[in-house]
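When the chains are written out, they are named A, B, C and D in that same order, and each has its own residue count from 1.
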Amino acid sequence: MGLEVCKAVDAAADLDLVALINQGDSLESASGSGARVLVDFTNPGVVMENLRWAIGQGIHVVVGTSGFTEERLAQVRGWLAEKPGVGVVIAPNFGIGAILMMRFAASAARYFDSVEIIEQHHPRKLDAPSGTAMHTARLIAEARKAANCPPMPDATQEELDGARGTDIDGVRVHAVRAAGLVAHQEVLFGAAGETLTIRHDSLDRSSFMPGVVLAVREVVKRPGLTLGLDELLD
Amino acid sequence: MGLEVCKAVDAAADLDLVALINQGDSLESASGSGARVLVDFTNPGVVMENLRWAIGQGIHVVVGTSGFTEERLAQVRGWLAEKPGVGVVIAPNFGIGAILMMRFAASAARYFDSVEIIEQHHPRKLDAPSGTAMHTARLIAEARKAANCPPMPDATQEELDGARGTDIDGVRVHAVRAAGLVAHQEVLFGAAGETLTIRHDSLDRSSFMPGVVLAVREVVKRPGLTLGLDELLD
Amino acid sequence: MGLEVCKAVDAAADLDLVALINQGDSLESASGSGARVLVDFTNPGVVMENLRWAIGQGIHVVVGTSGFTEERLAQVRGWLAEKPGVGVVIAPNFGIGAILMMRFAASAARYFDSVEIIEQHHPRKLDAPSGTAMHTARLIAEARKAANCPPMPDATQEELDGARGTDIDGVRVHAVRAAGLVAHQEVLFGAAGETLTIRHDSLDRSSFMPGVVLAVREVVKRPGLTLGLDELLD
Amino acid sequence: MGLEVCKAVDAAADLDLVALINQGDSLESASGSGARVLVDFTNPGVVMENLRWAIGQGIHVVVGTSGFTEERLAQVRGWLAEKPGVGVVIAPNFGIGAILMMRFAASAARYFDSVEIIEQHHPRKLDAPSGTAMHTARLIAEARKAANCPPMPDATQEELDGARGTDIDGVRVHAVRAAGLVAHQEVLFGAAGETLTIRHDSLDRSSFMPGVVLAVREVVKRPGLTLGLDELLD
């Protein structure tokens, strides 16, 4: 992932790659190189130390590492409070397509009688449904609750066990697993006489790079902590 | 349905509509009109009497009425044995698209590691999954068994109840219900690096008419009993 | 269309249908009935007179009639200036799904390298591409221009005439015509490793009714002229 | 490609990989290893010599190399005539999904009023439409001609240049090019009230391996020359 980030930054005409820090390398090479932004795809064991150091140096940080609890976020906010010009973006997902899919789904949810989610993944996946599908379902459920939408129509009386999928806060989610698939999700909205479908197909992690590059560009303009890529997409 | 059949026959350049028999009308009007083929979309209570009469008159019959048990079929075969030139086609489904979908699905089944079915219907439907989806799943399972296909790969360990759909003879089936849908089915085949999808969308019962017209054309060339439209599609 | 509107208003729990005005009927029956909102699906020849009368009576108006030039809109604004509490909504399209599709497409346009539109309609349609597809393409082109997006990548050197569709402000649009289709549109966005697809399927004009009902509810809260349903969807 | 073939053969429980011949290696290593089948993914400059040699040795051959003219095929048939037990399979495409797509498309073509093809590829592709799309269109056109199908309905009067795609023997083909795509094709069939869609998505060349393995298994049972994988799929 680190190498892909370096390639993506290097390929962006308005960005310069000034340092490449491998596991075991000292962070000092970053400050020596005049880096304005540090991109951290490391692991939960070292990310906090990296953040503390970079913020202390006045270097902005884009973080794709996982494992951020409320305690950790509070700690980062504390460090940032002492360096008011510095920005940190922490995002669980840098895929712009997936983020737009969720945003559009939440936005459309209140205008349709029915919504269902069909996610499709390779058969080596351990969980069903996917985390993204569950997150999407919850966003939809919240939006419908806020708009006082009635329950979705469903006259099913005879159901073979599992045929109607799993129910997440009132939204049905179906998980397909098949060879040849990578990571796909479809959100289907229906009202009298029409359907609206939002579908995201992800083929490989190169799809995260535009999101990383966007975050690098934006973090320098956003002092303080920004959670999630969503806010950076206006 | 009867009226739609009349319109479809009337619209076919090579066919003539010579009689229109409503509930309560006598079948004699059919023989008086010189009809060569009788199309029967009636009900299980009268269809056997209609068949007995038509075969006796040497009139070919296309039947879309339901309720044919093995006993009834044996009875029809008995009547036909005495009239060797007469043909009868009895079909549960005259939708050519649905029939081709099932045929292609059965034919492709052995060549892929994975197969799943996603059917989508209006929310007034009482059963899930649909009869067509269950029938398709069984055809696929039979084809895979005959070719000694191994079980499909699926590493799912944590599943929310129902997320992976229902299991019909080893084939996962997912039933979506939403306003704005009519009757749709997708069969997804997957192997390393590729997927093949066969999808049928049915919007209204006019979709049955080409199948009825085809059966009218073919029944005159096929003495004896033909079950299902599948055989008429070569 | 008028009858469908009456059914939809009648079916909405929070709205009352108080009058039904056919061609030739006097508008006075509307004022006599205590109507607060007039819905006008008439024709360009009479709609201006209806608007003038309703605004004068202090009745809000929802208009689905076509033919509004800049002159006509200026005239309506003039009438409304004299009745500051009255609202008028004029919309060329009341399909919420189609409007959301266009809104989402415009919003996603700047984040992807490529965008193409595939619209699919019944074969009796006279124009290709559809007005909705052309409008969507223009919205996408504007959004990309505003964000300084580079031209889309396309290495095509040998093209059979028309294979790559038509070019509308730099956005390729493909028009499919086939029996069995009604009105469908797909907007495909692509970036490295991922695609995002927004698809709208419209089966019949009942799909316009939720938009009409929404406009009836909203027009009473929005004095002055509102153009398009888009603003009513927040 | 050669390496992927080796991996695929090695992974098949019923096949043994006995030799691996790189560019510059002598073919003798194949005969010394007791190979029963030679798989040739080389180039037009050497493939004929390889075939001559293998057939002479009584080794069956599966060929994925391109450039086979009628003269070359006649030459291969000549060599095979002298070795009646030896089989050769020469195929331009080993993707089972693509081959089934074409087969199903040809088989369905006569039963629908309308057929159109939408192919979608990455934007580095030089030609539009793809060779597979053109081949599919021709198969469809032939099938419709053989069944005396009338021209497809299309009332288009006002068309922006290219909107309706390119016309290949009466079948409209649309070529979409976008980042994030790999190689995809959709064949859409339509009749009154229904559509049938056959879609193939290919993500990488691992999708060719099941076809190669199938050919290796089948070539030993089929003396003489077999052209195309289609015949091996019964």
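A few notes on this one:
In this text, a contact is a pair of C-beta atoms (placed from the backbone, for glycine too) under 8 Å apart; a residue touches a chain by one contact, two chains touch by 3 or more.
Keep in mind that what you see is a predicted model, and the values were worked out from it rather than measured.
Taking each chain's centre as the mean of its CA atoms, C is the chain most distant from chain D.
Our note on geometry: chain A versus chain B, Cα centroid distance of 45 Å, whole angstroms. A straight line joining the Cα centres of chain B and chain D is 32 Å long. For chain B, the set of residues touching two or more other chains reads 112, 180, 189, 191-195, 201, 203, 207. Under the stated contact rule, the graph of chain-to-chain touches is complete, every pair of chains being in contact.
On chain B, the positions that touch chain D within their shared complex are 95-98, 100-101, 104, 107-108, 111-112, 189, 191-210, 233. Interface residues of chain A, counted against chain D in their complex, comprise 180, 182, 201, 203, 207. Note for the complex: chain D touches chain C at residues 112-116, 118, 120, 123-129, 134, 152-168, 172-181, 188-195.
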